[in-house]
Amino acid sequence: MSETTIKIDLSKSPGEHDNIHNRWHPDIPMITTVEPGTELTLECMDWTGGQVRNNDSAEDVRDVDLSEVHYLTGPIGVKGAEPGDLLVVDILDLGAFENEQWGFNGMFAQENGGGFLTDLYPEARKSIWDFHGIYANSRHVPGVNFAGIMHPGLIGCLPSKELLEEWNRREQELIDTDPHRVPELATAPYAPTAHMGRMTGAEAKEAAAEAARTVPPREHGGNCDIKDLTKGSRVFFPVYVPEAGLSMGDLHFSQGDGEITFCGAIEMAGWIRVRVNLIKDGVRKYAVRNPIFQPSTLQPEYKQHLIFEGISVTDSGKQHYLDAHLAYRQACVNAIEYLKQFGYSGAQGYAILGTAPVQGHISGIVDIPNACATLFLPTEIFDFDINPTAEGPIKMAPADDIPTAPWKG
Amino acid sequence: MSETTIKIDLSKSPGEHDNIHNRWHPDIPMITTVEPGTELTLECMDWTGGQVRNNDSAEDVRDVDLSEVHYLTGPIGVKGAEPGDLLVVDILDLGAFENEQWGFNGMFAQENGGGFLTDLYPEARKSIWDFHGIYANSRHVPGVNFAGIMHPGLIGCLPSKELLEEWNRREQELIDTDPHRVPELATAPYAPTAHMGRMTGAEAKEAAAEAARTVPPREHGGNCDIKDLTKGSRVFFPVYVPEAGLSMGDLHFSQGDGEITFCGAIEMAGWIRVRVNLIKDGVRKYAVRNPIFQPSTLQPEYKQHLIFEGISVTDSGKQHYLDAHLAYRQACVNAIEYLKQFGYSGAQGYAILGTAPVQGHISGIVDIPNACATLFLPTEIFDFDINPTAEGPIKMAPADDIPTAPWKG
Amino acid sequence: MSETTIKIDLSKSPGEHDNIHNRWHPDIPMITTVEPGTELTLECMDWTGGQVRNNDSAEDVRDVDLSEVHYLTGPIGVKGAEPGDLLVVDILDLGAFENEQWGFNGMFAQENGGGFLTDLYPEARKSIWDFHGIYANSRHVPGVNFAGIMHPGLIGCLPSKELLEEWNRREQELIDTDPHRVPELATAPYAPTAHMGRMTGAEAKEAAAEAARTVPPREHGGNCDIKDLTKGSRVFFPVYVPEAGLSMGDLHFSQGDGEITFCGAIEMAGWIRVRVNLIKDGVRKYAVRNPIFQPSTLQPEYKQHLIFEGISVTDSGKQHYLDAHLAYRQACVNAIEYLKQFGYSGAQGYAILGTAPVQGHISGIVDIPNACATLFLPTEIFDFDINPTAEGPIKMAPADDIPTAPWKG
Amino acid sequence: MSETTIKIDLSKSPGEHDNIHNRWHPDIPMITTVEPGTELTLECMDWTGGQVRNNDSAEDVRDVDLSEVHYLTGPIGVKGAEPGDLLVVDILDLGAFENEQWGFNGMFAQENGGGFLTDLYPEARKSIWDFHGIYANSRHVPGVNFAGIMHPGLIGCLPSKELLEEWNRREQELIDTDPHRVPELATAPYAPTAHMGRMTGAEAKEAAAEAARTVPPREHGGNCDIKDLTKGSRVFFPVYVPEAGLSMGDLHFSQGDGEITFCGAIEMAGWIRVRVNLIKDGVRKYAVRNPIFQPSTLQPEYKQHLIFEGISVTDSGKQHYLDAHLAYRQACVNAIEYLKQFGYSGAQGYAILGTAPVQGHISGIVDIPNACATLFLPTEIFDFDINPTAEGPIKMAPADDIPTAPWKG
């Protein structure tokens, strides 16, 4: 078994590294090429490349430049990989750096990306989470303590030229339907802040102008934010370019289904150890369009939940047709309202749903006109009894709220 | 502990019973009134009231009259219950009748309700599932065997007059946006086939004209089709009318998240044992809008899954904005295409996703413009190895497909 | 699929049934013979054949005649089964009778069999447990409520003549080492109370004089009291006589590892549904000496435990060498002492360990001279917080103890 | 939160460290004293202090000097701890050193300690296990791959003078019953190889002559080898001396219940992160005699098992009375015989039971005269199907056996 380690230097800026990039493009050069069967350890910046600090001010979250994310480590070339193969990636382990045992959860300002409940929580906010071995807690959200399901929020292979063109075509079409929307409908290529890895000069400039942004999940995986992809998982990625070009980053200590706060999960810098292998011609053999995953044997097991339900009717009573997005929003709002009865602020409740291992299920998707979504909130993560009782909820001692930063405008 | 049993007679039609009903209306009379703490056993028809038979023809599924569902047992009055209370319902046990150890999974014709993938599978189909203790399998879908998570698909309390009016208002508004759509956007009150329980004469006629249909889940729970509500669960329902009026039915032997085949789950007749209690003023105490659930200690534990991903881009490449409905559809389609590589027909794959305990998660809901939904398919339910390997899939012996009935038109 | 049902009549005594027996002997006639693949439903008496009642006196437990247990339903013949085959038994489902939703846990008097802690609890005691769907609780042990892992305590095939002789030889040898011990070391054949099923006359009398008693687990399985053999399990039994001769009974609603109270578990009458199949020559193929089991997908999942440890040193400080029996005893005693700090009597604690799904693990068995055994007590089964805190335990309101019956002597 | 790190240097011998010790004695000086609430990271040698190497010879295992184990890091003083308190230890995380991603499993020669099955496997053997993130596999035991439940095999507080005297008294009594037995019944104090930490000179010499050896688990915990004490667990230890004096070591990557190979588990050097707190007067409050544990939320979940059963009858047919040690031995032997049908050597099977997360349960402990023990073997850890089928077992390609070293004599 051969091994490789890709190191970064957190004291330097992303731009000073040539083994990271923040756009998707077929021509980004491999930073190393390895044999199938190799185990690699990749160090990763947090998704913002160090824009957010461990302090009690939300100003850095408010000021995040979303054109400068996500900083990915890679791409890794795999010998023998060809378009149409499946790249088998075993996520062997991952963790925070020994001296960086913390992460952040942010809510972006509505003017700068927003989040799932940006209409209710339009201001920038930030909570800091400290890691204690497998557990995390936050000085900004008291009474909560949970084991993280650590995972890479973003992982995938480089797109082919054709796939990149398709992405740009369809996303631009969507943007064109409402080009001045705040927040925007999608993010178009943007060259000025592109980091194209080892590409340089005119070639880099040209590629940057068409390279895909990293925010959405796409066919290749990418920013899929699947909270279950933890150590011990296996992923089958479609290969689109020779040698595959695997990149990853956006490490999360923990995240709830949906990553509803957008910035999002408990974001951290850290390292990830993977092993790569190939299934030749696997895309055809298994009719693969998006990556396929096998979850890990090792996951925190929360067995006691409160399940909140949402249906596709707005707060003002407007009926939508089988809208799972709205139904999940209502399940989230219901859970937050419930948490408020125990003394949490709405923003704290929102942060809990974004960071703790809550599950979001599409429970009913055919019973016209209402979709039914359910949010599973693990009750063991609370220091106190959060279940309904005949006596009613007991308010916790009031705590300071999560730091907020008003919009600059 | 007092106990009560509500019996039905499967040899008689729903209309011959006065302890069942198929509409929601505040004035449907209680069939019995019990003290808090009482345990009740309620027998229930299958949701169609016996329209579907254990045979190899899909004609009965094709011909189901959707205005004649769901047949619910109740309403049960609970002494002392008042609007604003929470009705605490412990689902103690449920099962099929000893001599009716089977259920059905149907796909409705596009002309008669359709289903989640009705554009791909527009014809009526039916598979029959035999129960072997805790397990089910189907002569129409070979190679699959799983333990059911038995649950009531539909359960809830009678709405108040005001709530009923609100339902009718908002659903009619939606219907009015496209009144001739096939399948329809929502189902309006329809008196001719209403079964109003013990209401009779002019009063029943008048109520039937405004009584809500049973298909959608709503604030009171209703047809929420939450596959996890199995024996051992506890549910907290809002009370809207004096004595609450709890009704239930639509028993499922097993269902996948979303109940994507619409008819839907493995549908069965059977019995359910519940205990009722009250939390006075619980709606206000806990800020409850939709029911809250606590899942059971006792659930089948499938730990090995294949996870399929879908994003909110259509097959023809149109980009949608954070559309979880579309993303889940694509995850389902991806899973079905995968199953086809092992020899299943598309309809068989569709049936597996509708009946087996698959999970549907909203994994990413903020990464513009793509929602990311994931479908967790338990791999232990297959008689053969369904995981990807370097050798590629091994086709099972070809099997007869699920019975289909072409539309009559 | 063919099906068979073996019925009993609880209003009649065991002796009035010819489809039950209470001894092991190769010549007990089959009560029915079925094809491989058949599903059978067998009704079973409780293990004492109805000697214990649902009341608040322990006199019936004190007076149980241990030569009249266990009453087993069977033997079932399986066509084609030959010595050396493996009989594959799927435990499809089991339950209490609809009108007998209760069970008992007894502690035998030291003079009449005793139990694991008979030196500490020498008197006969009895607690009654009521079933509420999947849950049980007891008016004699307040504050505890758990989902049962229902299972047959006793199941296995008829021994061959040679195997029976071997059993009798080795057990008599042990008895001979201390023939007057109370309680006795083992139970020798005893004809007067033998129920030999359909054997009659001289043949029955002769067989009864050599037939094995049912208390110990042996090579064929028998009274193995494995609490995990619940609905959904599969068992591979060695076959010793033509047609196998499968019998079962001693149904338990729930039991802790070790069945430490001896009478033991939550004992109930009820029914069990099984399917039988064969692996020809399986004993040789798999080198099988004792039955092999596959547990069920469906089991209650208690994830939060307190783990108590015991080592092989007696209360008076005598060191034993790697004695797992003593180590487990000390773990049990430690757990009971702990429970007493919360207000339980010692006997109530003993009953909890005998009935609830506690796990008993052999944690260390090589670290001379101490064996280390651990007892896993699920904490979710208590109505109150049973975990250690800085504040110390809060005593529950004092409750009446478990009914006791002093020895008659 | 204050933090402390205790470092060791693997390039130096245990004797060159003054922050480790290999005996239990009340007067061993604290290497540091911390406030309650402190988080500590302790580096630990493997239990033999580096006597065993990553190679293909078993000679080092054969030659291990058992008087030179276990090398423990500590003792840690906790301010304010007094005899009678409970020391609350949160095991936050643990792991192998980044450059030492391997461990060993040894079987000692019968002449040098032996193991649980030393009569069957009397020679010294060794298998090396490589770590791949959360997984381990061995070049000496092909076809097996599992996620480790990493834990400290040995952890506890210093005994008081009185407790130490009691240990010495009772263990010497046992030794005196058969002082020349091979392997010995227990290990008496032995000064020549004692490492007394920071004690020096005459004081150390005197203490070494009475200090307890580390092999057995005792009241304080010690070498309890509980495989479930993994990251995320909490332990409540009795305190016997002022400042408690917590030491730990003997880290295991994984172990089966019983640690049947004695040397034993997958042994590794590494680090462990703990947090310490106090429950004042907790021993009395909770009637604690041995440590109490709370397991972790995060554990590998193996759900599919084959369960092997053993009863207390020897291979030659001698009946023992409720002997759980013998019953578990027979369950182990049955499992190994089964594994041999798939091509494993007996020693490989023995190694699998010693290293993989197998469970050993005391299933029946009252059914005279047979104890029933069960061994739960997770089937997902095998690369091939290990379940019984009608076709019989398929032999794997023959592999080289585990390295063996004949006894020197």
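Residue numbering begins at 1 within each chain, and the chains themselves are lettered A, B, C and D in the order written.
We adopt the following convention: contacts are C-beta pairs under 8 Å (C-beta built on N, C-alpha and C of every residue); 3 or more make two chains touch, one makes a residue touch a chain.
In UniProt terms, the chains line up like this: A, B, C, D = Formamidase.
Every value quoted in this text rests on a predicted model; they were computed, and no experiment measured them.
**Q** Among A-B, A-C or B-D, where does the C-D interface recur, judging by over half of the contact pairs matching in residue number?
**A** Repeated interface of C-D: A-B.
**Q** Have a look at A-B versus A-D and report the one with more C-beta pairs in contact.
**A** Looking at contacts between chains, A-B has the larger number.
**Q** How many angstrom lie between the CA centroids of chain A and chain B, rounded to a whole number?
**A** Here the centre of chain B sits 32 Å away from the centre of chain A.
**Q** State, to the nearest whole Å, the distance from the C-alpha centre of chain A to the C-alpha centre of chain D.
**A** Centre-to-centre distance between chain A and chain D: 40 Å.
**Q** Enumerate the residues of chain A that touch no fewer than two other chains.
**A** Chain A, residues with two or more chain partners: 297, 301-304, 380.
**Q** List the residues on chain D that touch chain A in their complex, please.
**A** 1, 39, 90-93, 130, 132-135, 146-147, 231-232, 273, 275, 296-302, 380
**Q** Within their complex, state which residues of chain D touch chain B.
**A** 301-304, 380
**Q** Would you pull the chain D residues touching chain C in the complex into a rising list?
**A** Interface residues on the chain D side: 86, 88, 115-116, 166, 169-171, 173-174, 183-187, 215-219, 221, 223-228, 236, 257-262, 264, 278-282, 285-295, 297, 303-311, 313, 317-325, 328, 330-331, 334, 337-338, 340-341, 359-374, 376, 387-390, 392-393.
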